[in-house]
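The letters A, B, C and D name the chains in turn, as written, and every chain counts its residues from 1.
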């Protein structure tokens, strides 16, 4: 039987971190060797024999955590935000001096969401029309969602690269806001509804046909398969990878 | 066997009228006795023995057509627009003097659309949140659609009548248009996509649950069951009825 | 300010009961005066001043609980199963002797689900075709769901009552199971998918149009608005009511 | 300005062929130089200067048509069925002797449908559960649809290749047919509804999330963008290509 991957979870008391503790514990091919909260010493993960680190902490501490991991030869899977271009560049330099070590920094671990965005971008050049609807709980403070904006940008770039004309739109009279927000020429509509969590539809239309790619996030558990996939793949991807799609086999 | 209803179609060469000619001809309980175009004489429908008239003409001629029908004791089912409050009032007076005659004026003959609006209005008082998405072909010049505006108004009135608070919305920062148009406090989003015809979704959300009522119109044929239902019911509803829902058994 | 309704929850430690405790506590027009577990004495709810009882216990104890409530003049809202025709008849007799007391026994407290079934039954007579898709988590042991079977029966009865022909189906060759289960002539399809909770779509189709009524239950919280609505309405409905739809204003 | 592609349509009086005549005529980068019916001579397309042939005829004549095209150095885009393995092999031999000529044989020209199948197959290895729902008009004689069976086979092969376990299913008691047809271990549900044309949903589920890929074919026009894309690409793909996906840029 293959050796189980020894994993340390940083930020183990947070909402995402506590899910990761459960997921790693339940994975038959992994062993949770350390689970650190805010005040625990990083040294303890080396003592515990960890070779893999999951960082789900806060923007203030993630950089130091990841640099510590790399310097100790540990692979890292990172879901914390706050990685500026400058931080990423500095990390790349550090990794250059630690050639066998892999780091994955992923703004989104939901496999379905990552796949949906990739599929939408790929399909967008083959259809006359494309619009995006995102739907979230009503306590969300921004609209559109960050994921919807990024998807719209990917879709717009794909169409621009293929020389596709803007989506046709004969609207002459409209109530304010009816046609949604314009993100790089792609219309994005934001629905806020009690009972929902996080959902997104990309609608693509051509003569006589429609292609719809929809992703539903029902709860935080949806991020864990992506975290586990990251842990299983990171050692095979030395250096820095940004975005879970770098680990997915998306060649079709 | 029951006698077949003798029906005349006015506006028989128009897009809706030609569909009605086909639908009446195909209906086993009806007989098409006259099909008039723009220049044909109204008198001919009396000669042909019509007792029912379908008016699918234009706003300029519909009033004269319907008055002619009523004065000759014929029941009328009317899909033409242009019926102002004044015209309706005048028609009511005429009908008061012709007590056995029924007239149905319906802005929308799609049964599914009429039912969807009625259900949405009924359900709206039981949910915290409600929003509307309408989706049409990209050659449409107005947004939102007239049906979506009417549905939003019905929904808003239903909630106001039941003392329901506005849908919750914590949005603090938004791109222009992301949250849709505001129709009486109900958010309405308009999608325009090649390949589509006319579609509408009412989304209702409460803690842990969602109710969605969606109607798709794929082609003009969708209006014909409503026209036939109107013809079969109009004699039993003397006087003026506005809206096909007046003929539907919607008591639940 | 109006007096708050004094409510006792029976089965307060169960999954549904603990949700009810939270919901009653949070409701501004209610006061939780007692929360009883399995071994607590029913007498204590009288001492506590309860005038309303929520029974979310088990089939073995619900009948005694409800009879106790009625005999003490307390209104009861009951979500427990196990109410046979015989038990219901006996309860009706008891209520006849306690004329001011109301009891609601509801197999389903999700407002959206109750509305969806009622709308589907109402609409079914106006469409040529109707089928049902229910979707649940893959740990469910029966297929189709009880709700889907009941919805199909309501739909079938509605169509039979209106003399509507069976849904057309020209299928000549089919793989076993492709066309779903047949419930009173209505096709029902059961999807089992990780990530889902409980979802149902009724699809109604006519020439050129489709009406879709979909309900999603994302979690147990979806039952609480129905429980609260039951508590607020039960005193105004003396005697026995079976089914939450009896309290909804569904006249359209 | 670039020269327009000189195109001949074979089977120009058929349902698909007449759509192709319209689509080629409307395409700004193409010129329709010949449109042949059943009794017209193939020689005339050479005289007319065609360099591209669209074959939308019948299984009995397609092989002779395509061989004629290849022998005269014309590229061919073929939507006719009836290409057995033997016929394909014989065509490959012929093409080996005509090295500059390209032939595309595509069972499905709907871009959205081809993309949906490819995306579903790619995503299937990343989710615990996958099921397929296909929905068609009620005059269809077979269930499931050929497209759904092929999609299920692609999905099953993708999962088998990645070592993914079968979709979980705890069903113990079920009505006959409730859980759909089993195609290589993938459940397929066939809905038949008046008003529909051809629609398919692939549902993929993992912990806390769902990915849905849906394709709607509203009318035959949906095949034309694929035919035009085939014509624009065929010269750059010498030899035989089976399936429109061979021309799509699906690397992600």
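Definition applied: contacts are C-beta pairs under 8 Å (C-beta built on N, C-alpha and C of every residue); 3 or more make two chains touch, one makes a residue touch a chain.
Just so we're clear, the structure is a prediction, and the values are computed from it rather than from any experiment.
More than half of the residue-numbered contact pairs at A-B reappear in one of the options B-C, C-D or A-D, namely C-D. Distance from subunit A peaks, on a Cα-centroid basis, for B. Centre-to-centre, using mean CA coordinates, subunit C is 46 Å away from subunit D.
Computed from the mean C-alpha positions, the centre of subunit B lies at a distance of 33 Å from the centre of subunit C.
Each chain gets a centre from the mean of its Cα atoms; for subunit B and subunit D, those two points are 39 Å apart. Residues of subunit A found to touch two or more other chains are 127, 195-196, 204, 206-210, 216, 218, 222. Only residues 195-197, 216, 218, 222 of subunit D touch subunit B when the two sit together in their complex. Across the complex, subunit B is touched by residues 127-131, 133, 135, 138-144, 167-183, 187-196, 203-210 of subunit A.
Those residues of subunit D that touch subunit A in the shared complex are 110-113, 115-116, 118-119, 121-123, 125-127, 204, 206-225, 229, 245, 248-252.
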